[in-house]
Structure formats: C-alpha cells, structure tokens
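Same chain, two partners: chain A is paired with chain B first, then with chain C.
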Partner chain A sequence: MTLVLEAAVLGILTGGVYALMASGLTLIFGVMRIINVGHGALVVLGAYLSFAIWRALNIDPFLTLVITMPVMFGIGLVLEVVFIRPLKTDREALSVLVTYAIALGIEGLLGFFFTSNYVQLRAWYANASFPIGSFHVTYVYVYGFVLCLAILAAIFVMLYRTTFGASIRATMLNRTAAQLIGIDVDRVSAIAFGIGMATAAAGGVVFGITNAFNPGSHYDLISRLLTIIVLGGLGSLRGAIIAALVMLVSEDITSVLISPVWASFVFFVILVLVLLVRPQGLYGVRVRDRL
Partner chain B sequence: MRNLPRLRLIQGAGVVAVFAVALAVPALAPDPATTNIAVFTMMYIGLATAWNIMGGYTGYISLGHAGFFGFGAYALGLLLTHLKIAGGYEPFLLVPVAGLLTAVLALGIGWFALRTRAATFVIVTIAFMFMLQLLAENLVGLTGGGAGLSFPSPTWSGDFFNTPYYYAMFLLAAVGLGASWLIRNSKFGLGLLAIRDDEDKALAVGVPTGAFKLTAFVISATLVGMIGGVYGYYVTYIYPQFVVDPLIGISMVLMVFLGGLGTLSGPVLGALILEPSQLWLAYNYGASKLYLVFYAAVFLIVILLLPRGIIPSALELLERWRTRSGPAAPAPAAPSTPSTPVKAVTP
Partner chain C sequence: MRRPITAAMAGLGLALVACGGSGGTATTSPGTPITIGVSVSLSGDFSGDGKALEQGYDLWAEDINRNGGLLGHQVTMKYVDDASSTQQVVTNYQNLITVDKVALVFGPFSSLLTIPASTVVARYGYAFPEPAGGGPSVFNRGLTNLFFVQPAAVEDNLVSYTQFLLGLPADQRPASVAYATQDDPFTQPQVDKAKSLLEAAGMKTAYYKVYPAETTDFTPIALQVASSNADAVILGTQLPDALAFVQTFIQQHYNPKTIIETTGPDQGSQFSGPLGANTEGIMVPAGWTANATAYGNDTFVREFIAKYGGAAADISGDSAEAYSVGQVVDQAATKAGSIDNAKLIAAMHSGTYETIQGPMSFDSTGKPQGGVGVYIEQWQGGQAMFVYPASVAAAKPEYPKNNWQ
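This part shows the complex of A and B:
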C-alpha cells in the first residue's frame, strides 16, 4: 500500500512536467490547428541547451532557464514563420510532416554535437530528499513540480487576464472570425508557437534533471505527449493537465503493481478505452472537421 | 488531351517498359551492393503504394503503418519458427499468411482508429505503432523481446543472394500497384476520393464511408504487413525498434507526398528518388547522425516547394504549356475516370 501511495505521489510530481509540456503542445494545436510532432524533439533540445550551459557555467540547472526560455521562444518564432506559415493548403496533414522533419533535423544535429550517449542534468542537491510518512521524496522532483505549476499558472493568467490572451482564445475559437475583428492571427500564431517552445524549454530542464536523455529520447516523449493531448481533448489546456496527471499516476502505479515494462503500455490502453467512449477526448468539443 | 488513344498507347508502352526494366534489374546490375539498393527501393515502392491506398485516396494520414510492417515481419518470423520451416523458398509462400494475420489486426485497429478523424486519427495511429512496439518488446516468451527474433537462413548465396528477395518485393509492389489501379478506377475508389474531399457530404449522398474507409485501411495494412514479412526474411534478424521503426512509417508517407498524394505513379516516383538517396546518405554519413539532418532538409524542401508532389505539379505545368502553345481547340471531353486529383482548396 505504501508502495502504491509512493507511486501515486511520484506520478503526480512527474505528471506536472508532462502537464506543462502537453500544455504547450495543445496550445499550439488550439491556436494553429497543427500537431507539432516535433514537440518532443524541442523538449530534448531545451534539455540539451540547459545541459550545455550548465556544463559551461556550472550553475544550478534550474537557473539555465533564464537563458533557454527566451532562446527557445525565439527558435519557436523562427520555426513558425519559416516552416509552418508557408503551409496554406492541407495544413493539418502537411504540418505533421514538416514538424516530423524538424524533429529528425534536431535529432540529427544533437546526435552530431552531443553524440548518442545518455546524459543527465545534475544539481548539487540531486540526492537530497525529505520524508513523507515512511518514504522519501527527492527535492528536485518537488522543485520541478513547483516550477511547472508556476509556469502553468502564468499561462492561465496570460490567457484569461490579458488582452493578448483574449486574442489567443479568440483565435482558438474561430480563426476567421478573429481575423475579421482585427486580430493579427499570424502574429498570435507565431507568439503562441514561441510560448509553446518556451514551455518546452522549461519542461526540458525538469525532464533533464529527472531523467537521463539522449537525442533519440524524443520518440518516447512525443508518443506520450500526443497520447496525453488526445486523451484530454485536442486544444484543451485543462484536459491536457488532467490527462497528464491521470496518465503518469497510472503509469507509476502499474509499474509498482505489475511491472515497469508494462508501465508505458497502460498509457495507450487508457487512451484506447477513453476514446472508445469519447472519441473527442475528455474535454474535447466534438466538431465537424474542415468546416 | 490525356484521353487521346495515342497518348494511352504511349502510356501503356511506358508502363510495360518500366516493368521490363524493373524485371531485368538483377540481370543488368548483379553486384550485391546494387541489388541491395534495388531490394530496398522496390520495398519502398510497395510500401508507398500501399500507404497511398489509404492516405492518398481517403486523406486519412496514418503515421503508424510501421506497426503493420513490424507485425508482418514478426508474424512471418514466428510462423517459420513454430512450423519449423527451414530457409529456402517455402518462407515466401507463407508471406500471404502473414498478410492475413496483419489484415485481422488492421481490422481491429482500423475499426477503432477510424472512429476518430483528422488530427486525432494521426495521433491514434502513432499510439498504436508504439503499442505494437512495446508488445513486441514485452511479450518476451512469444517474440524474444529485446533479444530479437532470427529467421532461418536462405539456402542460396553469393551474387544471387538478393535476387529472390528482389522479385518477392517486385511481386508485392506489382500487386499493390494493381490494387491501387483497380481501386482508382472503381466505384469504391470514387467513394474514397469523395471521403477525402468531404466526408460528411459523401455520407449524405450515400457513400458507406465507414465500411469504405475500413476496407481501404485493411488493404493498405495487409500489403504493408506482407512487405514487412519479406523484409524480415531478407535481413534474417529483427528486434522491436528495428522493424517497428517510426522512420520507416514516415519514409513511406514522405515518398507519397513527394511523388503526388493520391496518384498512381507518384508513390513509385517518390520511392525511386528518395530511397536510393536515403541509403546513400545513411551509408556516407550514417555514423555522424548527420544523415538525419540531410533527410530532414530534403523533407522540408519537398513540402514547402512542392506541397502537391511532383506528378500533379508536372501535369499542371504540362497542361498549361499545352493550352498556351496549342490551337484554340474545344476542350476535350472529360475523361471517364478522374485524372489528376486536384484537391479542392477550401478557404
């Protein structure tokens, strides 16, 4: 029982990171109607950027975010303008391929510069932990969780309390109508993509501290992130957060109760079961495609 | 002008010539390095053609076909192991059985995945691919897990080694092309194209969209599974990440997009261009991982410059050049079968 409880706590803590990464992905989908298959690779890129800075300056890994988040935001703007915006027809299908290509390109470049060896970000307090009842929780997991919560809160404030957030929500609801009332949807798209990348940078740091990673890690990440956002309902931020927590908690509990090798499988089983009942996901709206 | 009998004749002669050259490849260039490239190119011609039957005709983009590829490979490998069949020509005879098993799997996955549309469908197919990969890895008692699965060794060797595999791949690609052509010229194919253009309207005018989509999905997956089986026998040793490889799944998609989505010859052309160059890149830059960057660059250039693919773009160019230089003849009667599918651009 303690083991299950421990697994649940760990699931919630790691679920926070996935919630943050999936929020970026679902935000991009909501605003631009594209699936960014490169999101996992961009998270890994963020992790490697932090890794490079951390290795060069020897500072706290979390502090590298001061540099990596703006840099990744900029990369996001460039990617959107150069690769996504030119897609006029058949956006949804073509964007999958374009972002897949971006993922491959990043994997190749990272492999070239950092080799395929696994690396991990380590803070000096990496092994420090505190007891809750009969088990110990590592501080880095808690810090990562708090960081993700803070960024998620910032995103919500931005979306629901600022004018720019209103234009993002308007664009998510109806792109054409948003354009008609004078919202520069291209600008909104680019910035939304940038925000998505900045969250990927933050997710990357936490991922890189809590996991060993290599350039190929993005396949595992993206399959989970995509599963999470479909489960939550494409474009729904709330859905993505809840789905991430549900997924990670059930994964960790399966790992304890059954076997770690089946943990990831549960992910997909939950997706299949939920989609059987609700093809639009937990919080998705059932829309007719290509209106 | 395309429906002129003379043009039909030229087209027919061209097809026969291409088939003749394809048949003669092992005789023309018998060295193993070349025939190895030929086997893989033929494999991708088959894969891209098969993928196109679903992705090109119905517009449902599956990124999970690598799952069926790997499943077919494992199905054949396990059949050979459990039936204790030695290497030789018999394994080729079991390829259709592997295809049948893949069809059953595809029926289940398709029934489920096709409840969703567009973006969700893409993601669900990716999820199924990773599920199959995990199953191959975790069901150690059945598949051997991460240790992999060995196929029996073939009884032939030397320069001839690749030839039987080449013809097996050729046969499957030809079956795929035949199926693609038949579908393209049938009412079923018209229904699929209608689904691509507007699924709800198609349903409204009486196209049994659900059954049509599922049929196309199963046909497409079955072909991919059979090709996977031959591939497994060719490489003689498989493990989960190697046959259920997302890169294989995306490669066939890219080839279709490069050649022309929903066209008959597009996937063939795409595979002929991309697979040899991919092999060349992997051979020369594989160690440094830079080949992935090159591949990504080709990918991006294709999609940004030729979003509709080579064949439709070329046909359009040809048409424009004809109408400009030719006499102002009355427009030719519409061909009985839909020619180049030009997707209606919805605002």
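This part shows the complex of A and C:
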C-alpha cells in the first residue's frame, strides 16, 4: 500500500512537469489550429540551452530560465513567421509535416553541436530528498512542480485577466470571427507560439535535471505530450494539466501494482474510454462544422 | 472538425508510442579501393552507442589505410543512419549491398538491430562480423555468416559476477538479490541466467521484474527495487535506465552492498557525468577496458584520444568492440588471402583472432568460443577498472560498496 501511495505522489509531481510541457502544445493548437509535433524537440532544445549555459557559467539550472525562456520565446516568433504563417490552406495536416521537419532539423543541429551522447543537468537538489515516512521525496520534483504551478498560473492570469489574453481566447474560439472584430490574429498566433516555446524551455530544464537526454529524446516526449493533450481536450490548458496527472499517476500506480508492462496499456484504456464518451477529450470543446 | 483531428492525433500518439540470396557479393580487383558499409544508429534510442561504433570503425579504417589497406585495398567507410529502427536497418543493408555495392558490411548496434539485419545480409552471402548483437536469439536462426566480436555470448556476461558473489565468504555474501531488466534480447538473457545461477546457489530473490524497452519512466520500478531492500541489485539496463535507477537509489537512500548493470557504467563520461562521485562501486560486465594489456589496446587508446580528445576513461566500450571487428576482418583476410565474402566466412569459422578485447574464435553460429570471457569492471576513484577475476584485475573489488555521497 505504501508503494502505491509513493507511486501516486511521484505521479503527481512528475505529472506537473509533463503538464508544463504539454501546456505549450495545447495552447499552440488552441490558438493556431496546428499540430506541433516538433514540440518534444523544442523541449529538448530548451534542455540543451539550459545545459550549455549551466556548463558555461556554472549557475543553478533553474536560473538559466532567465535566459532560455526569452530566447525560446524569440525562436518561437521566428519559427511561426518563417514556417507556420505561410501555411494558408490545410493547416492542420501540413503543420504536422512542417513541424516534424523542424523537429528533425533541431535534432540534427543538436547532434552537430552537442554530439549524440547523453547529458544531464546537475544540481545539488537533483538527488537530494526529504523523508515522508519511509518514502523520500526528491527536491527537484517538488521544485519542478512549483515551477509548473507558477508558470501555469501566470498563463491563466494572462489569458483571463489581460486584454491580450482575451484576444488569444477569442482566436481560440473562432479565428475568423476574431479577425472580423479587429484582432490581429497573426500577431496573436506568433506570440502564442512564442509563449508555447517559453513553456517548453521551462519544461526542458526540469526534464534535463531529472532525465539523461540526447538529441533523439524528443520522440518519446512528443508521443506522451500528444496523448496528454488529446485526453485533456485539444486547446484546453486545464485539460492538459488534468490529463498529465492522470497519465503519470495511472502509469506509476499500474507499474508498482501490476507490472510496468501494463503501465502504458492502462493509460490508453483510459484514453479510449474517455474518447468514446467525450470525443473532444476531458475539457475540449465540441465544434460542429456546417456543410 | 475537431473530432477527426482528435482521432488522428490519438492514432499518431499511439503509433509513436508503439515505436521504438546469394550472388550479390561485389567483386574487387586487387589493390582497388573498397567501401565497407555499416548501418549505425545516429538518431533514436541507440544514437549514443551508434556514434561510438562509428568512431571505433573510423579509427580502425585509418589504421588499416595507414598500414597499406585491407590486403592492399584502401578502405572507405560508408555509414547510413537507421534511427535505431528495426525496419530501417534492413533497408539500409539492402541498399548498401544492392545499390552501393559495398565490398563488405560490418554490424550495427544491439541485438535488436542485428537480428533483422543479419537475415538480409545472409541472403546476399556477405560476411557479417558485428560488434554488439550477442543475445541468444542472434545465434539460433541457422545463419553461418554472422560473427559476434565480443569475448563471450551475451547470456554469459554476468557469469563472472555470479562467481564473484559466490566466491565471497559465506558471512559476507548477499542474502537477497533484486533483479530488474528491459525485455531486450541483450539484457534479459544475462539477468535471467544470473538469477538462475544465484537461486541455484541458494540466494533468495527479493524482487524480479521485466519492463518494456520503450519505458521512459523508470522511477516506479526503481522504487520497488529499493523497497525490496535486497543486498545485491542486478539490472538489465541501457544507459538511460542505468542512470535513472542509480539516481532513484540515491534519492531513496537505498544502499545495497553491490550493484551491477549490464550497460551504462561502461559508457565512460556519459555515465560519470550525471552521477559524479556516486559512480563509486558500481559494476558492469565488460570485455574491454582502457588499461587492459590485450593486443594493440595501448595503440587504440592512444590514437582514440588523439583523434577524438578526452581521456581513456571516456572511451566507450562500443568503440573498442567496433575496432575489434576490423581487427578480426583484417586477420581473416590475411589468412584467406582474399576479401571475398565466402572466403572470409570460411576463414572466420576457424582459428583464433587477436583483438583489443583479447583473443577470440567463433563456432558455426558465430558465437565466440573459448575466449577469455567477460570480466567485471567497477568504478573506483572516478574510473572504471577490471576487478575480477584476479588474473586480470587492476584493483581489488570494493565490497560492500560505499554508501552514496
């Protein structure tokens, strides 16, 4: 029983990190209606940027976010303008190809500059832990969870308490209508893509402290992030958070209670069941197109 | 509109999770340059190992060319990336042989890729010396063109370790052992054999779990190992899980008397970088170490550092295994007086070949025979060194290992 509780706590803490990484992906889909399969590569890029700064300046990995989040925001703006904005028709399908190409490009560049060797960010709290009964909770997971809460809270405040947030929500609801009422949806899209990249940087630093990674690590990441936002509902930030927690907690508990072999299977059973009842996901909005 | 997108993305997610004849032998004229083709994993799960293989092969090619070539033929290596995919590796060897018409092919990384690759290579009658596919399922498919260039078949890799444990005084031996392994043809046979040997000798199994090779979150499994509180831990790992297990043990303040991992601790700085001083005492089965006195090893180490930088401790065992493949082929070509694949195959099935991993020979299935066996390497003072058996040991084994720092 203790192991199950430990697995649940672990699932919640690591789920927070995945929620942070998935939040950018779902935000981008919500605003731009594109499927960014390059998001995993951008998280890994964020991890490498933090790694490079940490190695060069020997500062705390979390402090590197002061540099990496703005840099990734800028990279997001450039990527949106150069690669995404030119897609005028069939955006959803073409965006998969374009963002996959971006992912391969990033993987290649990272391989060139950093080699394909595994690396990991180190900090005093990476392996330090504090006891709760017989279980030890690792500081880095707690810090990562707190960072996740802080950034997600900031995104919620931006979305629901600012004029720009209203523009984003309007674009998410109906891009054409938003254009008609005078919202510059191209600008909103570029900034939303940039915000998505900045969250990828934040997720990347926690990912980089808790996992050894190399340029190819994005394949595993994107598969998990995509399933999270499908379960949560495409475009729903709240859904991404809940789905990330459901994924990690269910997998970790299944792993200790039954077997690691069944961990992914149980999550996908949950996913399929939810989609049967709610095809739009937990918090997705069902939209009917008129013919 | 969203429903089809949702369905498509669910499918995409599922698909991404699910992942993870003769007569074609090229002819060569005496003295003409030749190309040797290799499928290497430059992306995907094995990209670290793939790069290390490439470095080992390249270094051998430089050496052989400097010494006049392979039986007089200057060698060019041609690499194609298989993205660690069992489908792509088949396509790659098919193309290398039929389109590029390479003279010879060398093996890729892992049993997982060697198995499908060896089938297509055998179809074209090519010899298939390979550095990293040694699982039992590599040898039981009736192929006669395959040669596993390591000191012992993979399933025997942990036999030395079991002998080390059983050789300890009775009051110091571990009372219980925890096992966890990937369901990989390289790792699981090693762990299962060690488990059967130790159980037969009376050591209690405190925990045993097999996890999918696609697993990315190893912490729940590591938590279970820690909660078993076993004295000894035997793990069937590659590098990422090798690191994750140790890190969870450190976090949980779990200090077993001894830990051995099938792969990971042999990856030089990729292993020591994330763990720092906590590598101390961790063991790995290894057929090669930088300070071994085997044939040509000092030259290999010196040239490797000169070409790629770093220190001897940073050299991956994968590079040494790849280099050994070249050494075996060089000696087989000299023995056969030809680089014709059929003659090389015949030559490699007899005789003994000197490599930087020690001398080795092969049986009819390509399994290494009568070699020096696989030793135990242990991290001590920031470097990995042979500690068992005593005949090759550069230091005494640290047992029990020190607590985490």
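Just so we're on the same page, the second predicted complex is superposed on the first by the 282 of 291 C-alpha atoms of A that agree within 3 Å, B and C clash if a C-alpha of one lies under 4 Å from a C-alpha of the other, contacts with A are read in each partner's own complex, and residues count from 1 in each chain.
By definition in this document, contacts are C-beta pairs under 8 Å (C-beta built on N, C-alpha and C of every residue); 3 or more make two chains touch, one makes a residue touch a chain.
Since we're looking at a predicted model, the values are computed, not measured.
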Joint occupancy of chain A by chain B and chain C, clash or fit: clash
First (chain B), second (chain C), both or neither touched by A:T14: second
First (chain B), second (chain C), both or neither touched by A:L234: both
Which superposed partner A:A56 touches (first chain B, second chain C, both, neither): neither
Which of chain B and chain C A:N127 touches, first, second, both or neither: second
First (chain B), second (chain C), both or neither touched by A:V277: neither
Partner chain in contact with A:L3 - chain B first, chain C second, else both or neither: second
Chain B or chain C, by number of chain A residues touched: C
First, second, both or neither for A:L226, with chain B first and chain C second: both
Which superposed partner A:F112 touches (first chain B, second chain C, both, neither): first
Touched partner set for A:S255, first chain B, second chain C, both or neither: second
Colliding stretch - chain B into chain C, listed as 43-51, 241-249 or 313-321: 241-249
Interface residues of chain A shared between complexes with chain B and chain C: 35, 37, 92, 96, 107, 111, 116, 215, 219, 223, 226-227, 229-230, 234, 261, 264, 268, 271, 275, 279-281, 289
Contact footprint of chain A on chain C as seen in their complex: 1-3, 5-7, 9-10, 12-14, 16-17, 19, 42-45, 47-48, 50-51, 84, 183, 209-212, 214-217, 219-221, 223-224, 227, 239-240, 243-244, 247, 250-253, 267, 269-270, 273-274, 276, 278, 404
Parts of chain A lying in touch with chain C, wherever the complex brings them together: 2-3, 6-7, 10, 14, 35, 37, 92, 96, 107, 111, 115-120, 122, 126-129, 134-136, 138, 211-212, 214-216, 219-220, 222-224, 226-227, 229-230, 234, 248, 251-252, 255-256, 259-261, 263-264, 268, 271, 275, 279-281, 284-287, 289
Sites on chain B touched by chain A in the complex: 59, 61, 63, 112, 115-120, 122-124, 126-128, 130-131, 134-135, 137-138, 198-200, 246-247, 250, 253-254, 257, 288-297, 299-300, 303-304, 307-308, 343, 345-346
Residues of chain A touching chain B in the complex: 29, 33, 35, 37, 83, 86-90, 92-94, 96-98, 100-102, 104-105, 107-109, 111-112, 116, 215, 219, 223, 226-227, 229-230, 234, 261-262, 264-265, 268, 271-272, 275-276, 279-281, 288-290
